[in-house]
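Below are two complexes that have chain A in common, paired first with chain B and then with chain C.
Then we have the complex of A and B:
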């Protein structure tokens, strides 16, 4: 091997990170593969019996697994779209006051600093039928308050909870992208007597396209793998109606002790996230190519 | 038009912060008042809930939870920096690892955490790291690696090459250059990455739930104990006080550096 001193130095500097990754990623990956193919319980953890793809069959035949997949997919798509739509509208509309008064940004970012699991717990209080302010005021003003956490409403309650905590993230990305559009571009368009709407649709939004795609991607991933706030607020909840894929895996592992099936499900979830990442990479390559061409 | 903007801002900020506001208000109400007055105006503010949480530690020890969170989050944020700072320097200046290692680590952010949780549970049980602060801290390091690496790569890319080239001419070793020259120059980015990592680690829940049971329970998990236990329903005032105490450290840190966070969070997201 011919390597320059520089390359050798580079490898030396990378060594600690690589070593850490080998221990904490490749070993778990190995365990995952073995256990996914094994019949294993907490008692037989050190002596798993290889049984082939049976666990995957059991998982794929489990209606609860598919219900959890559907929950996570719907939750991820809906929250990503609502958060980005709301975040974009707010970022553009509030831009004049947020860029002039920095402290406003602090108030908008505050929800992101609170642990999602605790936000889930906080909503138990907010929505509680006796101690919660929201049912209290709704009853006071309208004479009635919906059952926020019953089987029909729990999904939408959780969507609102997630959206209220993470719209700030989308807002932040869009705020930065919006204020970094050069002023000359807007001035030039204004000289051509373009209306504010036209500038927004024809110039500003197209310039923010990449950021919008990234924000949608990040928010979808975080919504798809949701665990903390759902688990804090409803657990699997209302007859399993709020069981996300992460909660399904957690429960089959701890409550059921069906380790092989839990691991098989988590391998499937990992593959799903690879598909999303691959899609994102393809999309990014396309955008880059178009930018090069332009 | 600006008046309308201020109204929209106020409504949005109020709605987004609503759970925190409600919890803060409830933490200053007596049990009796919570039962009679669930509204947002406190009639007789009291510190009794905080006094109770901080003095009655016989069943749930809030100090232990806070200490566990602090130690694990410190390990998780500092170790992530120790690993990613040299790696980022190598990636930017020598190009080694740019093609495979950088995207691999950056994409870790997108992998659902629960995928790691089960095999790490097995591994930790085997080596005796289950239910220890060190074990929790090591896992929080994994959580922090992607953004930490992105932030370090961005910071070192922005650093003029002349600065460390002169030192290399003098045949200074890489680790000396890192410590004496690179770290001081990108100090603001290092501090931001550290604080952001600390906040992320402090707020993590899933690993705390799965990998700790008694000795290393972090405050995110400990807070939920106050909801599930005790006959006669939840003591909302006490539970609220616990949540405010548990949410305060990351909130204060975040508010101290929110301007820097704006820049680095978006840089990490957009370039990743």
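Then we have the complex of A and C:
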């Protein structure tokens, strides 16, 4: 079992990357595991006391943790579906314009250039009853303006803010996938008298299936772990009504000083992500097998 | 060619080193201050004075370090817990001393400090009887009101009758308009309701008040002077949590009554300091309980052209226990991990002297000074006279509000009280949850 010179060279070249991963990922992960199993505060960060799985029990029994999970799940699913739906529609309908005038793509991409925390601050201003343009014009035209950020409306306001910022990302992916479909395929379908709807439904969308799955996945992950813009706009919300899982972890860690519980919650979040990703990989493998068999 | 490049590199390095060294060599004490406001401006001015003193050694010169206000205390906590020596002196606040005390060292400011600030103000920087910092700025609340609106109300009999009618309907008692300096909380609430369009369509402004009801710890500090004037405290003498009290119930219910009646903007559950200022400067608000630091903005014709000239301030209204005004101090204390403790202590001692306090105040800071000291700067800073007067007469600190769990107590209250105001929890549920959390936090 002697390794070839190429293998040795490969290992040598990989060594810096492995060292980087060990230093920057393994060490924090190890500290995370120790803290998750410890009774630890800011005063005892260097001398944590191991308490087993107690922190996990406390977190799992905390109704706020489940409320935060539910918020993140709803937020992640809804924003991913809406962003991808809108992004797909825009990619298809604007394709002729964007293909002809490339600069319009830059214009559509603009919201993505703003840092999410800045978006939160920006909408605090935009939606303010006395300083914001939106309530001003609504009051001017209709005599009243809704309370965008009260406990009943904050969730939907946050969804709209997230969708406005990240639909361009989904649009970009779909635009690239859409223009990659060879023109000959569409021409051949048209010669066979396929309608535009049929071309879209039977040819274009199936060919964009992988991109749609990836876009939904990325947008769901981003929505699920949302922090910056929600924190900037509403914080945890009245009574914790806009507390995402990330905000729950942040609040427990920094505000509550419950480091063990906060880290345990983050470990649970990591494990849940792992299960979802593993499940998605298994599902994909099964679908591939079925397709091959067919 | 290689030799030439090496020489060039060495030359550039030497140039950079000579440019950087004077700054490093002359600044041995690093102070981490509160960024971005009058506190930063004042501290810069005071440090300039200190560094220019003939007896300030080069090794004692002070360099300032500022980072963003957002998450300041979280970052500071992480730095202190990690044993960072990137700064020798750091910011502390009354409500966070207990949390940071394990990572800081007490300082002896000398006997003159009490003559400059007075004992109660020095106590805002004490934890377990030890002095942890120099009180550089004091924060409390003013009741801001529109003089023009109140004067018009007081001069109009028909308006007075309408006022009494509204008070009877919403508060269950007939009240007559009063001078704001004589207000109790019911008078304030009646005034707020009278000046609310949703309650009184003839009101010249849209809302009678603007309440800061966001789930944010600082908003609890603004709110708690109301229950405090009814006798509220966090704990009794035995340490038992007493938040589920008649006093807290009265305060919480009054806020909810005003919110439900539309006397404060609909989005008040997302309002904090800047939103309140923006609402006030719009000219559509009649009264606001707000931090003293806002006075500079709200009473300045350049920043509040629509209302500055008609804006006046009094201490918060009274309750059965009299007038109460939350106070907390911002100050500077010594990092336990500092590598320049002697120089740092010398600067802190100077900062606690009369000359330093006057220089700090003159440059825009808000120190609470003893009466004979503040008299020396009253012509330049008349607001500081009122600050000292209110702090001395009405200032209070809740039991446990300097403990290690104080910040978390405010957080817990913010969460539970806003849940009640938003209608997500009943008052009983919110107070029971607050009691549970506070008991847990304050027993540690």
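We take it that the second predicted complex is superposed on the first by the 282 of 294 C-alpha atoms of A that agree within 3 Å, B and C clash if a C-alpha of one lies under 4 Å from a C-alpha of the other, contacts with A are read in each partner's own complex, and residues count from 1 in each chain.
In this text, a contact is a pair of C-beta atoms (placed from the backbone, for glycine too) under 8 Å apart; a residue touches a chain by one contact, two chains touch by 3 or more.
Since the model is a prediction, treat every value here as computed from it, not as a measurement.
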>> Touch test for A:119: chain B only (first), chain C only (second), both, or neither?
In response: first
> First (chain B), second (chain C), both or neither: which does A:70 touch?
Replying inline: neither
> Which partner does A:201 contact after superposing on A: first (chain B), second (chain C), both, neither?
Replying inline: neither
>> With both complexes overlaid on chain A, does A:164 touch chain B (first), chain C (second), both or neither?
In response: first
> Which of the two partners, first being chain B and second being chain C, lies in contact with A:131: first, second, both, or neither?
Replying inline: both
> Touch check for A:53: first (chain B), second (chain C), both, or neither?
Replying inline: neither
> In the superposed arrangement, which partner chain does A:154 touch: chain B (first), chain C (second), both, or neither?
Replying inline: second
> A:32 contacts which: chain B (first), chain C (second), both, neither?
Replying inline: first
>> For A:254 in the superposed arrangement: first (chain B), second (chain C), both or neither?
In response: both
>> Residues of chain A touched by chain B versus by chain C: which partner has the larger set?
In response: B
> Intersection of chain A residues contacting chain B with those contacting chain C?
Replying inline: 45, 124, 128, 130-131, 254
> Within the complex, which stretch of chain B touches chain A?
Replying inline: 2, 5-6, 8-9, 12-13, 15-20, 22-23, 25-26, 34-35, 38-40, 82-84, 86-87, 89-91, 93-97, 101, 104-105, 107, 109-123, 125, 138-139, 141-142, 145, 149, 174-175, 178, 199, 202-206, 209-210, 220-221, 223-224, 227, 234, 236, 239-240, 243, 246-247, 250-251, 253-255, 258-259, 261-263, 265-266, 269-270
> Can you list the chain A residues touching chain B in their complex?
Replying inline: 6-7, 9-14, 16-18, 20-21, 24-25, 27-32, 35, 45, 90, 93-94, 96-98, 102, 104-119, 121-126, 128, 130-133, 135-137, 164-165, 167-168, 172-173, 175-177, 210-211, 214-215, 218, 221, 224-225, 227-228, 231-232, 245-246, 249-250, 253-254, 259, 262-263, 266-267, 269-270, 273, 276-277
> Given the complex with chain C, which residues does chain A contribute to the contact?
Replying inline: 42-43, 45, 124, 127-131, 145-151, 154, 233-241, 251, 254-257
> In their complex, what parts of chain C are in touch with chain A?
Replying inline: 71, 74, 77-78, 80-82, 99, 102, 213-217, 265-267, 269-270, 275, 278-279, 281-282, 284, 405, 407-408, 411, 415-416, 418-425
